[in-house]
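First the structure, which I've put down as structure tokens, then a few questions once you've had a look.
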Amino acid sequence: MGAGDQFLISGQEVAKHNSRESCWIIVHGGSKIILKYAGKDATQEYEPIHPPDAITKNLAPEKHLGPVDPNTVQKVEVVISDKDKARQERMSGRPPLDEILNLHDFEAIGKLVMPEKAWAYYSSAADDEITNRENHLAYHRVWFRPRVLRDVSQVDWSTTILGQKSSMPLYITATALGKLGHPDGELNLTRAAAKHGVIQMIPTLSSCSFDELVDAAQPGQVQFLQLYVQRDRKITQQLVQHAEKRGIKGLFITVDAPQLGRREKDMRMKFEDEDPSEMSRSGTSNIDRSQGAARAISSFIDPSLNWGDLDWFKSITRMPLILKGVQCWEDALEAYDRGLAGVVLSNHGGRQLDFAPSGIEVLVEVVKKLRKKRGVKFPNDKFQLFVDGGVRRATDVLKAIALGATAVGVGRPFLYAFSAYGQDGVEKALRILHDEFEMNMRLIGAKTIQDVVPSMVDASNLKSHVVAVPGDRLYNSNYESLQHARLRDLKAKL
Amino acid sequence: MGAGDQFLISGQEVAKHNSRESCWIIVHGGSKIILKYAGKDATQEYEPIHPPDAITKNLAPEKHLGPVDPNTVQKVEVVISDKDKARQERMSGRPPLDEILNLHDFEAIGKLVMPEKAWAYYSSAADDEITNRENHLAYHRVWFRPRVLRDVSQVDWSTTILGQKSSMPLYITATALGKLGHPDGELNLTRAAAKHGVIQMIPTLSSCSFDELVDAAQPGQVQFLQLYVQRDRKITQQLVQHAEKRGIKGLFITVDAPQLGRREKDMRMKFEDEDPSEMSRSGTSNIDRSQGAARAISSFIDPSLNWGDLDWFKSITRMPLILKGVQCWEDALEAYDRGLAGVVLSNHGGRQLDFAPSGIEVLVEVVKKLRKKRGVKFPNDKFQLFVDGGVRRATDVLKAIALGATAVGVGRPFLYAFSAYGQDGVEKALRILHDEFEMNMRLIGAKTIQDVVPSMVDASNLKSHVVAVPGDRLYNSNYESLQHARLRDLKAKL
Amino acid sequence: MGAGDQFLISGQEVAKHNSRESCWIIVHGGSKIILKYAGKDATQEYEPIHPPDAITKNLAPEKHLGPVDPNTVQKVEVVISDKDKARQERMSGRPPLDEILNLHDFEAIGKLVMPEKAWAYYSSAADDEITNRENHLAYHRVWFRPRVLRDVSQVDWSTTILGQKSSMPLYITATALGKLGHPDGELNLTRAAAKHGVIQMIPTLSSCSFDELVDAAQPGQVQFLQLYVQRDRKITQQLVQHAEKRGIKGLFITVDAPQLGRREKDMRMKFEDEDPSEMSRSGTSNIDRSQGAARAISSFIDPSLNWGDLDWFKSITRMPLILKGVQCWEDALEAYDRGLAGVVLSNHGGRQLDFAPSGIEVLVEVVKKLRKKRGVKFPNDKFQLFVDGGVRRATDVLKAIALGATAVGVGRPFLYAFSAYGQDGVEKALRILHDEFEMNMRLIGAKTIQDVVPSMVDASNLKSHVVAVPGDRLYNSNYESLQHARLRDLKAKL
Amino acid sequence: MGAGDQFLISGQEVAKHNSRESCWIIVHGGSKIILKYAGKDATQEYEPIHPPDAITKNLAPEKHLGPVDPNTVQKVEVVISDKDKARQERMSGRPPLDEILNLHDFEAIGKLVMPEKAWAYYSSAADDEITNRENHLAYHRVWFRPRVLRDVSQVDWSTTILGQKSSMPLYITATALGKLGHPDGELNLTRAAAKHGVIQMIPTLSSCSFDELVDAAQPGQVQFLQLYVQRDRKITQQLVQHAEKRGIKGLFITVDAPQLGRREKDMRMKFEDEDPSEMSRSGTSNIDRSQGAARAISSFIDPSLNWGDLDWFKSITRMPLILKGVQCWEDALEAYDRGLAGVVLSNHGGRQLDFAPSGIEVLVEVVKKLRKKRGVKFPNDKFQLFVDGGVRRATDVLKAIALGATAVGVGRPFLYAFSAYGQDGVEKALRILHDEFEMNMRLIGAKTIQDVVPSMVDASNLKSHVVAVPGDRLYNSNYESLQHARLRDLKAKL
């Protein structure tokens, strides 16, 4: 069937083509999942992991069969399972937004009300998830040195990022597959960002299409683009130049993912989800199952990307170029020497290499070494440092700013916010952050972001990676804990 | 209705004025709570968070309507709930005081017998309560270097604080809203302090009025005053000068609270407390609820307070001026250079900025830097260093003394003591501390407080802020713990 | 009734004297307990905490009334409580000794089969028991640097202590009130020590009398004496000179206990033990109850003991004098300069000053400073260093030896051993230690104790007193732990 | 009965010889177990802990009685216990291999499906198993410093070990008694190693005979031999020379086991396993029971082995000689100076000396000191460094390679793999490792093993052996944890 044929295809016709030899689907994915849904309407499964323009952009036009008559389509039977019902009940039991006091709360609620698949994909990380948790905990090794008796009646935590105004020193970083958590996907972020004056970084792997997200922006709203460089550089070039045309203000090239990480929690979920009866095969079966959402979407990334490619990028766009995923000072120095606009010190939210250091820890070495080797001071307008990963509080952000970052990327908390409450959740999250910034700017004694300086933090413990000597189980179990005084009644009952 | 009218208002009359437009209450609070109780007698809700003279001092006289005929008043119906009954039962089950062995015990009992609201307000702290707990744990990083074979048959742990005698090197620091925990509020502290020769610091936000607490003092009993500086400096001036007139021996100006902290445990309690049926609104409701006790009482504090204001304080009073809430050596040095009488190295019990360092940790840097930069030695009569936060044992106090503090402030333990046992509890707490001082002075080999010197402690680990590498959950759950030998019977049963 | 009257007193006569004014008991204790048992036979309660010669030695002869006719005595009714029965059942369920694999096992069994009072007294320690546990854990910060390819077919871990042979580099240190745990008390230790060639240090506060313990020794068996110096120096002089006469080879003067510590676990046990109905008094009662066994036995100790007294000791005895309880290098140096035979670096098993450092940690600073200041090398025959506290394995001992100790004192493990199994338990404990020494001498590559040298250990972490930053409870409870692969059945059931 | 008699012996005849004086068994073990099975067929108990040629090699030929008529033998009655049945049920519930995501999973499944005796023997370690766990945890103190923007489209993690090709930088290290876990024992390893191009180190104490394992090798497959040196050097010489003849490419002489360690978990299992009724003896019985599998097999090892013996080894074989079990730089230097081919920095999987350091920690000091003292750089072809112990991830291996190791030995994970799934399990384990190597080579930015250099890791925390200050139990139990926002329903139910 040639391209351009514009007659209505019947669902029955589609349904016949359900074999490897002739496989029609109404929307499509990888070959395996295609076969599973061959001959049916797979929109519901397809949508969260493909932007709407995925077919038009990536499939040769001659393979498009044309529109289908919706009345004739055999739907994948959507049975609302007990699990789903329970989830919907939990959804109706969400606390009102004013009971949400901090970003942690969105995660606590989100994990109960979003589909398991979304939770597994969003929350999972590489290997033993050591780096994932380290990202957050590293902030707990940095302590404040607050100043008092400064007039903090007016405090201002707005800043500029790559020359663009931001109401706070953070941006919404790129995270994939937003529709897994909420039908509006990343649009929730675009809309909330507009209302609160923060910048959104659009992900290559958004569920919504790039154009949808740009279209949804308010006049003057700033957006960045995160880029996975593809094996087919032409597609990448088109994407980059299209982005520039659409007004994107910064291009964040991901460099920490030549191959997308194994995220075992995500992979494990797949097995848990299956019908147990399907598993009654021999323990030595070698059936290839899904590798989780991450693997399903990563094969197009080009692992050969290298420093030499950067000139090409400069040749195709005038957007500021930032490397996302730098993890040591040597690479930050290289980026500086090559005249890039900055680097994001990031380990991809702990989703790639386990035991990669946290961005905040790398920040300290980068600031130190670039000062020493090139005399650069931070924060620096010409070469900006960003960190992401593990941020949950405005205090986390302020620590990074004090140590030399221009701004901090926040990702998962906003995913959890919209998975639980949609756009309202993201807005509430931003309001909480504004509140925390106001409070904490006052409490550290900083009137503006420029006042948040290195002497305001003690980062001397940041490089300490302590693993305690294993516990003496026999000694410890012999030890009888001290007890408090107790109420008489309790005593009598015991 | 003009000021000065002195006829009896009827309750029925009051009850009519229950709208935003015309709101009469019999005593009053913030505008929101006022509307809740509009037209009724709110004394029971009002009393713990306002001293009895709050109206006469802070409300323009022309807004006072005059006395109300008590017989005609519509009371807020006080129903003794099951929760209250359970609490009263627990109250009757308190162990006798001689079973209270240490300050921890008061907290253990107090938390069971005090109203939930009191527990939430007293125990809560900022953000993730990291600093709150760090305050206590920091003392565990300081170890003794005890001396032996000194004649310790007579040991004396009394000292002088700002020139005033104290039976031990600690004082009762300012804590707000004492009536939440006990109907006599801070009077419990005044009376017990008198009996045991310790100094009480009266809080600006006491439930009892300043004058009540001064009136309750015994002849010669020493009291200090903690001061929140108000936007309206005239009120502050009146308060300060009145305090000096009433014999207050030291003015502790709070500098760590330009805005009162968000204490989420306190805020959360509000929601837990409400009728669940009221929450059946949409998850996205934006209804503004109470922000906890802290926020309810903080709007009057002046966030513009700065170093320049200190001359004014010197001009209005001759009381010794101490800054309460200094958190780095730079600000301690500034206070020293400006000729103040001392500083309290404090983070407000962890209730303001999370990740502020503990007082004991700041103490070490202050002593070191002021010695280096100004040649000052500590303890020092002209410029005294105090710390507060986290103290539970006399050993904690002795560590601070060894490191250069003149005295240590103790707050929450006394709140828990009177919430559980009234004045008797506070007295018992002081007796326990006396016992601990006697014992531990002997055991470290110090006859007097002057013998408690830096070489008696090892504080080399104090600056260590360790956060362990996240656990390897898979490895750890595979590890099978060693078991002890077991009794035969237990084995048979298993 | 005068002294010397030697007629038989009737129990009925005794029973009449049961008041404060005229109080006869058949054996006696402190005044309070005396009143409790006034007029009855208190032997059972009295025996564990007083050696048999306590009356003849400490009570003026004119207060002895004479022998009582046993047939006429009103016994304290001994009711075997359900608790006791349960304990006796547990006793009969003890595993055979060959299931006891290490010293921890004795504690595990002992705590189940000994009277609660014994467990409370033996296991308790000062304040929050931080030092008590630190004593053991400090050894876990010292790691071996083992040597290989040495001929270890014959290994010999015997040594000499104060010139006396010992089959291993440890001695049984002094612990009080042995009859609380076993009717034969410290005799269990004397007899087992004889069989295994180790030295016992006899405690001042033994349940058995000093002479009983010396009489029980085998010919040539070496014993030391631990001494609490009494206010009445004549009694102390008699005791010391009597000990020398009886062949005691070393006098260990306790210097870390001018006052015996508060051990709250022990104190708490008293309340737990009482009839709950007795507690129905007002929460504010001030009734003085028992302060635990420690306080009951400590008032005779002289807190004025000081360095000046040491000459007097030299004048009354030629036994080697060792200070037990030194806790910093300054005092070890003083002891060295005064020509003593050695010091025990000890904190009294964590029972005195909480946050006193472990002996093993003090050892390192003593060795370093005495080498630096006096050129002394360790181990040293003229001035021997001992440590005690927290030892559970031969490896612990070997670490101390490598760091310069001559020998290590072990206390509680032997108490637990005889409380569970009498003399057989102590012997088994010693056999286990012999086995461990043989094994571990081979594995570290040491043929003799002289080969156990500083380079065989890495003690670089010993001074590290880490307290982790308090946990982020919200973050941690959101984190969902990774799961292993699971069996299909388990999955189905969940 | 003389040797060489080749008639069929009847089972009845064997059965008569069941006393100490005349003990015939059909296969044999130590004298104690021999008596237990005297007169019966002990093959089932015997096989896992003896290779099939144990009799022909180690028992004088004149003691062989000859073949037995199988029909006449009294079998040890094999009753399938409830425990066994439960285990077999669990075996049938194993998840299919594609649900096994990492090496931890094999342990999780293996521990449920292997015989308890196997689990006890495989998983147990010395004393408190501190070193055993430290081996794994030490890797968690080493963090990566990953490089980006290198072309990693092709990554190659193959290497050479002692001049032999290996598909990855690890080998299967020697572990004893493979048939405890699976009837094919170490053959599972040989076969899987062949398929995946890795080297197997054959253990002296394999359940399969040396020749069986060599016979099972594919043409060109490389095998090493681990050697326990016997008291009878002739046996050792025969074994070594036979191995060389059979093509073994490296001789790893174990030097950390002059005596096999006490593994209490293994010993404890013996008691747990016995009929409880047999234990009804007095608590003080001294019956000698089994000491666990380790002791049963260790008496032949020569504890006199020393550096002087190495020349003899050079005189009897030309295989590369490597010392297995070196634990400090001094001994590594000695091995280097004596011209050996390398050392394995190992503590025998934590099974020998507790508190021996991890191999990875020793690696760092060896590399540093040998560079300093002899100018050697690592990795080094002439003198190769290996580490083993605690490896579970390819990242662990890459850390050791970066720090200078040539390869890493992995043992227990493969035991768990074949105990759970036989040869398929080992193959899956190797596939997982290949996957992890590919991923992580890319993510650290290394194209080949040569690119894995010291600057790619941060090992600055490796020597940190932290033991936290013991917890403040009273403080901690008073602390009330923060709570998340909760669903309305949950709240109502609570």
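The chains carry the letters A, B, C and D, assigned in the order they are written, with residues numbered from 1 in each.
One rule holds for everything that comes next: a contact is a pair of C-beta atoms (placed from the backbone, for glycine too) under 8 Å apart; a residue touches a chain by one contact, two chains touch by 3 or more.
Just so we're clear, the structure is a prediction, and the values are computed from it rather than from any experiment.
Put simply, the chain farthest from subunit A by mean CA position is C.
Two copies of one sequence, subunit A and subunit B, touch each other mainly through non-matching residues, since under half of the numbers at the interface are common to both. When subunit C is laid over subunit D using CA atoms, the rotation angle comes to 90 degrees (nearest 5). Rounded to a whole number, the gap between the C-alpha centres of subunit A and subunit B is 41 angstrom. Between subunit A and subunit C, the centres computed from C-alpha atoms are 59 Å apart. The multi-chain contact residues of subunit A, meaning those touching 2 or more other chains, are 94-95, 99, 101-102, 104-105, 108, 128-130, 133, 137, 140-141, 264, 268, 279, 464-469, 472-475, 477-478, 482, 484-485, 488. Residues of subunit B touching subunit D in their complex: 102, 104-105, 107-108, 111, 119, 123, 128-129, 133, 136-137, 140-141, 264-265, 268, 272, 276, 279-280, 392, 466, 469, 472, 474-475, 477-480, 482-483, 485, 488, 491-492.
Residues of subunit A that touch subunit D in their complex: 89-90, 93-95, 99-101, 104-105, 108-109, 112, 127-128, 130, 255-256, 258-259, 261-262, 264, 267-268, 271, 279, 281-289, 302-307, 309-310, 323, 325-328, 330-331, 334, 352-357, 463-470, 472-475, 481-482, 484. Residues of subunit D that touch subunit A in their complex: 94-99, 101-102, 128-130, 132-134, 137-138, 140-153, 393, 395, 399, 420-422, 424, 435-436, 438-440, 442-444, 455, 458, 460-461, 464-468, 473-474, 477-478, 484-490.
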